[in-house]
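Both of the next two complexes hold chain A, though its partner changes from chain B to chain C.
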Partner chain A sequence: MSTLLAALSQLAPDPGYSTPRIDWHGLAPEIVLSAGGALLVLLDAIKLERAKAWMPALANLTLLGTLIPILTLAVEGSTRSLFGGSFVVDPMSLLLKAMFLVVGYVVILLSTNYVAEGDYWESEYYTLLTTSILGMVVMASARDLLMIFVALELLSIPAYMLAAWRKGGRTSNEAGMKYYLMGVFASAILLYGMSLMYGVGRSTRLDVIAENLARPEMQSGVPIVTLAMVFIVVGFAFKVSAVPFHQWAPDTYEGAPTPVTAFLAVASKAAGFVALIQVVFYGFYVRPDIIEPLFFVLAVASMTVGNLIALRQTNVVRMLAYSGIAQAGFMLAPFVVVGDNFDSALSAVVIYLVIYAAMNLGAFAVIIAIARKTRSAEITSLGGLFSYMPGMTVAMTIFLASLTGIPPLGGWYAKFSVWSALLGAETALGVAMAIVMAVNTVIAAYYYLNIAKTMWFDDAPDGDVAPVKVPVGLTGAVGIALVATLVFGVLPGLLTDIAAFGPVSAALGGG
Partner chain B sequence: MTGLVALLAQVGTEAQVDTTFDVPANVVFAVTAVFMIVAALRVVTTKNIVHAALWLIIVLGGVGVQYLLLQAEFVAVTQFLVYLGAIVVLILFGVMLTRAPLGVSTDLDNDLKPLGIGAGLVLAVVMGFALIQSFGADQLDFRAYDSALGLDDPQTAAAGRTGAVADGIFGQYLIPFEMISVLLLAALIGAIVLARRD
Partner chain C sequence: MTVDPTLLLAADGPVTFPILPALILTPLLGALAIFFVPARRDDAFKQIALLTSVVTGVLSIYLLTAFETGEAGFQFVVDQSWISEFGISFHLGVDGISLFLVVLTGVMFPIAIMGAKITHDIKSYYGWLLVLMAGSMGVFLALDLVVFFLFFEVVLVPMYFLIGLWGHGDRIYAATKFFLYTMLGGAFMLVAIVALAILNQRGVGGDLTFDLVQIAQNQAISTEAGRWIFVGFAIAFAVKVPVFPLHTWLPDAHTEAPTAGSVVLAAVMLKLGTYGFVRFGLYLLPEAAHWAAPVMLTLGVIGIIYGAICATMQKDLKRLVAYSSIAHLGFVILGVFSITTQGIEGGILIMVNHGIATGALFLLVGWIYERRHTRQISELSGLQKVAPVFAGVFTLVMLASIGVPGLNGFPGEFLALLGAFQTARWWAVVAVIGVILAALYLLWAYQRTFHGPVTPGNEHFRELRWSEGLVIAPLLALIVFLGVYPAVMLDRMGPSVDALVEHVDEQVDDFERVEITYVGASDIPEPGHDDDSDGPASDEHGEEGE
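Up next is the complex of A and B:
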């Protein structure tokens, strides 16, 4: 009896444990999103086939519902730090969360007809999309290596499977398999880097790591710090498809179902950048001597190689894949001045990320709409588009012009803020980076505008110019992306206030 | 490495058996490490894929033994249960179900083998140098770790290091813990869809 009591007393709550104080308001977006995801699974399990028609609408409602607590948090405008600083809700993270949710909303609009008309598993598609978005939303707040890693896996693993969702197609299987193998390889490198970083930083929390790395004895001649940082950055470089870790991207983008490609190219890539922002701007910034040259090499290689290969593409999805690699190079550029121009660099990355999401998603939306008629993604098949889809042609031209960086569109302002961050740092690396970027912008203009030329001036390859009816969901998706691209270009102050951590509450009238 | 040498030099002198990574532990470490290295080499050199999976058992089991030496009993048990109990079995089932040839296969290597060996060697040297340079002089002192975890207090010592893991999971790391359940659910759903015949 006494031994039993002794054993039971072992089960009593450990006196060293105290229940964590949970800030329910700060966690509300994640809770709403997970509840919505669970609801999707339950509905699918109970109603089976009958639930199919409701799935996209329900997934969209979940995403919109998640925006409500984000708005209330933004109006309140305070910075909340949960779990000892490993989960931080501040204006920047709210902006990024809102971006992921809107991107997810648009991707679901793009998917609705595509998935219903093709031979896909529908209900599960929306469940996986929602879970992946949950991973991204958590990533926007994660300031802890462990949480960043789990968020990365939560957003990647559903994406691996979605890339292979066209089960019958060889290219889709290849897309999923390539993405999966490269992804887990990158995860292994990342995890090894994180374990080394835990060894020298003595914590998983990024702020503590920064403190420990800033100690004088850690400032030079500690190769393990370099190694850990390189491994972690390389792990995320796979995710954002930076050269030389980009080989999976074109095949995966081409083979995956096109709405999934849009999701990978925009949301998944943005999540990789958010992870880089977290580790670099909240942890590794104390060692600019390692971070700056590393990102210089990655950024120069990405934009140059991406652009040069994009010039030769004949398939518009592959071209967007390579242009996405080049755009990733532009987004990596501000990291080069993290030590010298911290605030401008951070807001430049965030601004570029949000605007890139809008314009690239728009370009994919138009391609999905066009492919409903042409059944092809070859650039030549876009000929004569203006004669039968004038609205889509205008929209696509605006997205391409924005990707090129022509004022007054969003892409122009994104590039401008990166340039001003680079030149404002007044370092040799920053100036060199700005020059490389300028040259690459000119190269990119050629292939973006080449597509515009084909759409406006060439004849339709099959001579069929009957007007095509575009589903309302697709038109809505293009509309949202178009409005975002134009508004951020004309009123850039809207974004800078938030990205520069200005009082969002004031902007929203909350005082 | 230098720490290991220094410890071996201490044989016979006043070794603090209780608190540090002591001599017997070092011997067990060295023996296990040699077994693991040999087995790891066999995993990649054997021509028989089933044998590779069996060699992997020694590598993964060796990792578990290392965790035990570090007095991380919960992690060690998890390592044994998950890696030996589940992952290796999964690999063997995978080989069986995909009807891969069970005997010797000759086409497991490709032309990039020398490049792979070179890259592996460079990585081993670079990482070995960095690790020894940073941690080589460190000595493992369990008492210091326990006091960092608050386990030197007799009140909390009952829960042990496993209790500390539990505190972490349901305290600071609550969000990642909950997220993993969502992740497993999503992986399950997706895997069923992709694997089933339709």
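Up next is the complex of A and C:
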């Protein structure tokens, strides 16, 4: 009884307590997005059938509306730290938020006809998509283990459902189930790692963890630190489908509705990377002796295994899944020099992430457009595409060339910045990584080229070369991705200006 | 799209008109124009391609006349910052080494466009050709490592499609092989470029820069690192040249490519590699180039002999010409890696003259194929009786390719051997065998194709058309003109080549400069001595001895 009273007395306002000042401007993107998501749910509940047609437009408006506070924050340009440092709004996080929103916008453009014409629940689809994007937007600012975990679950759970969205489709259900089981398994490992990390780091905030881990007595002889870091990284490795935690990806990608696959392959993977950026570059960077070899193994395995398996794929979505695994390897590469070349590594990952989002999304957009005619995702079904869809063929060729790394397209600059980070570190691991990457770039060229070859040189499989009408939304999606791929390649200064956030890392004492 | 000619005339001095960007942008704008013209207007594409490539060609010839002879450094320099974070800029310039390759590009593309017919996908064909032209120009003009890499890789894509879409036979296999080989080299080169820039920055401090001239002047990296970086570059260039044993893509690509593709491949694309060795080997990494010289010389000589032997055994006329390219480019490698003024000058002369002669040979073989739909030597016979003018033209081009004195093939091979004899005597001795073999395979092929009885199928071999004659006439004129008067090239490249050898001499400790002075007309140099020599070059850039 007395304990209960004591507990109750604690509920009474502490005389010294004042309501925390909330930086509404800093939180505005999340607020707008949440409001939009809530509106979608409400509209669906009230209007049901009649609202269907308005859902995609409303979802898109929400995403565009969210870009407005991001722009005002970017113009202001200051770094805002909310909730005691667990939520930080800085130029990098704004860039990533904007990326997630644009990716979401493009995915909705891709989905509109696909979902309306197929056998799908429509209204909930957009609600879930918006919710998942909200999780990603939060992730871009999260600098606290708990915040990261909440963001991760917020973005993952809708994605599990979306993967299984095709009603009664067995492959789609399998896709969702596999993704879900692997996802929760990863979450469990991640949580275990986080709890260990809380034990040794004495906080959930990453900057405090970094301080504690940097203390001399923590530098060696504390195996739990290693264990915690490995568990956390492995947890996210599932999310970014790094080898050997990639097995779910091809089946899920192939079975899920293609726009959802695009969403998973681009946005969800990017969110996983953002989480890795947060934990490594804001927390674990003080222990490069653990982080660097760990990421070396992950990166080498991902790019090599991903590429070698991609070589043998006959289904273009599966091929993109494996190529995405290999690309994830390229994005993991800069982590290998986190201790020696902090700033360059950080900006290389962010640059690669943004450019990868543009070019891979573009490739998926073209595949969705083509599948409207071919009703298939087999590589052979792309034969003769140039003769009846020349515009889409040229666009796809540009995306593939960019993924290969042909200048002056975006993908080239992404690889270039990774190489400069790796070689700039002047460590043996960095140089080894750069060479492995060079070899893998050539392997990847083969299967990207194979698609280009089929589209340009082969004949249409059944001789059917009647042109097909592509909806405006899809053309727009391809156009956005195309412009981004070209602009980031020709004027990479636009990206590096934002990604070169030296002050932030300097303030954190890294580098 | 085109450049107002009054602008050119108004150009007072070399800097007022940005001619180097214009050389790259003109074909690029032509490609853009083609992209936006609707596909049904089939007739427009060739005209756009011809117009823009001719304008580019005229610009390149104007460059030749405006070029300051006797000047060793880069001229018409343009430097426009591109990615300032990494110190990358569009730094373009031309010197005596790249000048003639630029002109070669400017001349060969219009001829390739005029000289070959295409029946399908006309729009993309001409579009890709113009992109290729812009890319090739860019490679020769770039003075920034990243910009160089950009153009070096960009040319891959149009060539891939040219071979794959309009080629013959096993075109897709050939195109893929070509792409992957070159891509392999490119990936290593990019790593080497990044490493070089970073090490240079560590060495001298200051901002990161990818500027070729600055890095070459600094020479701030360690010997060992320099050698590794050279290997990275060398793989890329060796694939492109191609140097034995990385040559296997070439016979396939050349044989299966459409005529214009073969012409451009032989005339321009192979030079990207040899030019790379001069500019990014000797100039950028002199120590490493000197270190690698014995290996490169050996590979060059193997290329000469191997290419010649393979060419002798070919049954397909086009494949024969393709293998002869391997032999000719072996001479370039031999000359360049002799690291003497004569050798490098000879190498550059061969680059240009091989471009002209082999380009012409591919055109002629292409026309034979158009007429007979075969390239098998065994199915052709007695063509001389049916088409004497055609045979005459073929003879002249073939003799130039063999290296008969008086035609343009000779001065280059002579100088390359002369240079090699001073510093790499035994390599030169073996390489001479290649000269004899060249006569063997080409004359033998000529004999089988043009002499002998007129076999069935060859009776109606059509004589050279006027239109074809007009296309090839400029090449024939160049073959004769550059054969009797190579000084027009040597005068312009001399100072730059001298400066290059001087640069190697300054930077490499154990390098001993061997030079011959030109005085008289007929003295044959005695090896090892500081003797006079015969040389078509004027005496103005002669350099005193060892």
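Going forward, the second predicted complex is superposed on the first by the 485 of 511 C-alpha atoms of A that agree within 3 Å, B and C clash if a C-alpha of one lies under 4 Å from a C-alpha of the other, contacts with A are read in each partner's own complex, and residues count from 1 in each chain.
Operating definition for what follows: a residue touches a chain if its C-beta (ideal position, glycine included) is under 8 Å from a C-beta of that chain, and two chains touch if they have at least 3 such contacts.
Given the structure is predicted, the values throughout are model-derived calculations rather than measurements.
Bringing the complexes onto one copy of chain A puts chain B beside chain C with no clash. When both complexes are overlaid on chain A, the residue A:34 reaches chain B alone and has no touch with chain C. When the two complexes are superposed, the chain touching more residues of chain A, out of chain B and chain C, is B. Within the superposed three-chain model, A:55 lies out of touch with both chain B and chain C [touch as defined at top].
Touch criterion not met for A:210: it reaches neither chain B nor chain C.
Superposing the two structures on chain A brings chain B to within 36 Å of chain C, judged by their nearest Cα atoms.
Chain B makes touch with chain A in their complex at residues 126-127, 129-131, 133-135, 150, 153, 155-156, 158-159, 163-164, 166-167, 170-176, 178-180, 182-183, 185-187, 189-191, 193-194, 198. Within the complex formed with chain C, the chain A residues making contact are 390, 401, 404-408, 412-413, 415-416, 419-420, 423-424, 426, 431, 434-435, 437-439, 441-442, 445-446, 449-450, 453, 456-457, 492-493, 496-497, 500.
Within the complex formed with chain A, the residues of chain C that make contact are 39, 82-86, 146, 149-150, 153-154, 156-157, 160-161, 164-165, 171-172, 175-176, 179-180, 183-184, 187-188, 190-191, 194-195, 197-198, 202. By the touch criterion stated above, chain A contacts chain B in their complex at residues 9-10, 14-18, 20, 22, 27, 30, 34, 37, 41, 82-84, 86-87, 121, 124, 127-128, 131-132, 134-135, 138, 144, 146-147, 149-151, 153-154, 157-158, 161-162, 164, 167, 176, 199-200, 222-224, 226-227.
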